Amino acid sequence: MKKKVMVFLLTATMLASVLAGCSSGEKDSGDTNKTDTEQRDTQKDTEDKEEVSKGEQEEVVITIGEHVANIEQQSPHVALIVEKFQETYPNIKIDINGAEVEEHLTKMKLAAQNDNLPDIIWLEQPIAKEMAAAGYLYDMTDALNEYGINNYFLPGLVNSCTVDGKDYGLPSEIMMVGFFYNKSVFEENNVEVPTTFEEFMSVIETLKGNGATPIAIGAKSNFSVWAFQSMLTRYGFFEKLDGLESGEISWVNDDFIKFFEKVEQMAQAGAFSENAATIDYFEAKEIFLGGNAAMFNSGAWDIAAFEESDIADQIGFFWGPTFTDGAGTQEQAIKTSGGVYTISQKASEDPVKLDAIMKFFEFYYGETGTKIIAEDTKGLPTTSYDGAVDAQKNPVFSEMLIRLNDDWASVKEPFSSLTTNVGNTLFDAIFGVINGIYSPEEACQVVEDAMALER
Amino acid sequence: MNWFSTKKAKAVFLTPALLIYGIFLIFPIVVAAYYSFTDFSGIGKENLVGLENYTRMFGDRLFLISLKNTALVLLCSFFMILIFSFFVAYLLNKSFVGNSVSKAMIFSPYVIAPIIVGIIWGFILNPQFGLLNTILRSIGFDNLAWEWIGGKSLTPVAIAIVFTWQVLGFHATIFLAGMKTISSDIYEAASIDGANRRQTIFLITIPLLKETIIMNVVLIITGVFKIYELVYQLTGGGPNHLSEVLISYMYYTVFTSSRYGYGMAIAVFVLILSIVFSFSYIQISNKRNKRGAVS
Amino acid sequence: MNQKKSTLGKIVFYFIIISISVIIVIPFLWMILLSFKTNNEIINSPLSIPELLNPENYKKALNTLDLLQMYGNTLFLVVIAVFFSTAFTFMSSFAIAKMSFKNNAIPNGIYLFLLLGLAVPVYILLFPIYRINLKSGILGSYLGLILPYIAVNISFNTLLFVGFLKDFPSELIEAPIMDGINLIQLCTRVVIPVMKPTFVTVILFNAIYIFNEFPFASTFLNDTNKYTLSLMASMFKGQYSMDYGAIIAASIMIIIPELVFYAFFQKYIISGMTEGAIKG
């Protein structure tokens, strides 16, 4: 009896694994049902329409690897664009899969090593640059010019991800960061939006004196120091970058020490939530949205969340403080790209596929895609957009749009110009000073040590 | 027992497990050990760097912190878990009304995924808005409302407590399974001879549970060395890596900092440490067994 | 006098058992309370009792997750992997503990060798197994998860099986020789029935491990339709957003059936346990 059971189970397992093996070859897309029916319908239409395009009769499949698991809910603009694109180009099918950011990046690193990358891959810039250097990504400089995609971008968003002057990535979103503030909390405490650091400190001190939490921040999310990165650029980060990389300039220099001293000053004045070390970025956001903190450092990606919150029409934005003892331009802010879309080297070797991919990007960054992003999903597009925005309905969105186009110079994010190791150490250093664990000199030294490993 | 110990029987019985184990566990460890001698970042080509990763480890301040924290967690939780789970198993071994309900309740923490355990206890231990401190403050014990997590030193203790909560039922169940194999005849004989409760426990139950105790000790030690999700959820290893344990620091090195080679060196070190601790215990207990046991 | 002692004893006993059980369960109750709050309330007013039982988190969880599918996927994995890991390890443990070898060092060596896995942090295995799976074409399939799951559980199972088999009375094995049975029958008719508590324990723990296993499942699975329950938290994490309330609600919906199953399961095997303990 047992023998029979064993035989049955073994057969069942073999069957199951064969089936499982088969179905892993099939690639299901994230929103299967919807797209399948639409594809079937539009396919019938195309036969009547007769659009002329290269390789129209051949079906091409593009695979995309995204950094969220639930694309409809967490990257709705991508889901919409993918859908509309397939309607417009019925012979091009898109198979899009995603995972939560950290999991996604791990998978992509594994995939790269094993020649298993999807055709289009979302990556953080440091990783993209490492992969490009290792030969896994496609140099799209010429292709971008050929398809005219660079023409669509806002200044500061072209050349989003370059290695040795060649382009490897396209901006997936705007990284536009600074301090959001709660207008009613400011009013209650009789403070105004600060420009210089001295003004900023006096705002913090007044708020703290009245018992309000000046800035909500979550130390568990070591990446949530965007506005501080802007501040670092106002101490000449980018001017020093080449020197830092070659070793001519050490991280332990006067300007950077002054930068960390400013952070220390803020920490000692009680600018940060008491429990910063035990909360993460999401919890800090909830604290801000619950009206329990005056300011919150974040960026354009939070527009939707802010507009859905209870304090939507009280949220304002400013670029952060300028420094009288700073280095270089003070009126500059991070208006750059965050993650980037890259193309795998393997995909680029098939000309039909490459053409399909470039068409997709053309669609994404062209007028149709831009409209979808700005109007249907209320995201800030990386491309020029001059549609009408209803300031009443979308107060945060319209304010950010204005700021995006103001006359502050745009700089990149320091983190994207460093290796993953040094970048994360920089985050640690900033939080170290915020948490009162590092002195300004120690903070500089820690990053210097990490950078020394790379030289 | 010789009649069935044929070569064929041994081959058939041993091969499946050894094969799968060899391919999916041993071989990967060997590969990981190889990478521990390189400077591989996770992407691109690796270069052999000999023992550099290992020497760097012991000069790495953050690594030493994680080592110290792991030792603290082990120290705090080891006796707590061993003694407490034995005690609970002893109680559950008796039949009483509500026995299965108690078993289910005590075992339930082990069923939850570690990441959820971390989330829930995060909301309990948070010094500002967590359940524990809010209750302490509301009954006037403000000075006991310490920084359980997120502070500079208490986190390992908190981790030990949460870990104990999580695995108590697990270890109690193992003790219970062991206790169930002791037949009631022995206890009857003992009570006829006039043994009281303490004598029964220490002179009969515990010696007969030798194997079970070894099992639990090995499981606790290896379990503590592998703690990761709890630390990640409670403090993220912070502030500034002050509350890292060995595996959470390894995770940071491999996945966040992209220093795969170095991370593998840490992992290999943890592996060796864990093995040395548990195997020494097994060998010592076995020697004691041989000396004094009447099987 | 004796009666007084035993009543007092009983009260103390019940008091201790009930306190322990309740204290252990408090975090669960806290979790249930949190599941009825919005994210805002969880962070900003943690102790407040929500006036209404706000089911929004549960609605969100149900809308985002296909719980039935995820449960089905997980159960499939659990059944297959647990069956094979239990069977294979029982066989190897029996060989180690009960078969005779020319040199005693061999079974002891194999035993220690198989225990190594206990000390292994699974993250160390991710990259190599990914490559193995990819090269053998099983990446993304369930087989690519089942095999590593079996491998990882072998150590724990060996520890338990060998440990309890060592104490298994030899007379029970020697005796049936007279009746002329073969090896397989010996195992199925004599050894396994007496080892029921051990089997139950092993199966239970293997199942829980796989239910909650995260690193392998998240790295080796690509198709969201194949996702297991442990990956559900990832469905609620955007790059810049995390829905704690929904995660807690989803966790409760996953845990409660597990606990109910455990409660029934262990009641059913109570009889099995006491049967097995009786010596012949």
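Of note:
All chains are identified by letter, namely A, B and C, in their written order; residue positions are counted from 1 within each chain.
Throughout what follows, a contact is a pair of C-beta atoms (placed from the backbone, for glycine too) under 8 Å apart; a residue touches a chain by one contact, two chains touch by 3 or more.
The model shown is predicted, which means the values in this text are computed figures rather than measured ones.
Contact topology of the protein chains: fully connected, every pair of chains touching.
Greatest Cα centroid separation from chain C: this falls to A.
Inter-chain spacing, taken between the CA centroids of chain A and chain C, is 38 Å.
Centre-to-centre separation of chain B and chain C, using mean CA positions: 15 Å.
Taken residue by residue, chain B touches two or more other chains at 129, whereas all remaining positions touch fewer.
Multi-chain contact residues of chain A (touching two or more other chains) are listed as 106, 113, 279-280.
Residues of chain C found to touch two or more other chains are 42-43, 127, 244.
Per the touch definition, chain B reaches chain C in the complex via residues 1-5, 9-10, 12-14, 16-18, 20-21, 23-29, 31-32, 35, 88, 91-92, 94, 96, 98, 100-116, 119-121, 123-124, 129-131, 134, 165, 168-170, 173-174, 177-178, 180-185, 211-212, 214-215, 218-219, 222, 225-226, 228-229, 247, 250-251, 254, 260, 264, 267-268, 270-271, 274-275, 278-279, 282.
Contact residues on chain C toward chain B in their complex (touch as defined above): 13-14, 16-18, 20-22, 24-25, 27-28, 30-31, 34, 42-43, 46-47, 88-89, 91-92, 94-96, 98-101, 110, 112, 114-121, 123-125, 127-129, 132, 147-148, 150-152, 154, 156, 158-160, 163-164, 166-167, 170, 173-174, 177, 182-183, 186, 197-198, 200-201, 204-205, 208, 211-212, 214, 230, 233, 244, 247-248, 251, 255, 258-259, 262-263, 266-267, 270, 273-274, 276-279.
Taken in their complex, chain C has these residues touching chain A: 39-40, 42-44, 64, 76, 80, 83-84, 126-127, 130-131, 134, 137-144, 146, 184, 188, 218-219, 222-225, 231, 234-242, 244. Those residues of chain A lying in contact with chain B across their complex are 102, 105-106, 109, 112-113, 127, 130-131, 133-134, 136, 219-222, 274-275, 277-280, 419-421, 424-425, 428, 431-432, 435, 437-438.
Residues of chain B that touch chain A in their complex: 41-45, 122, 126-129, 149-152, 234-236, 238-242, 255-259.
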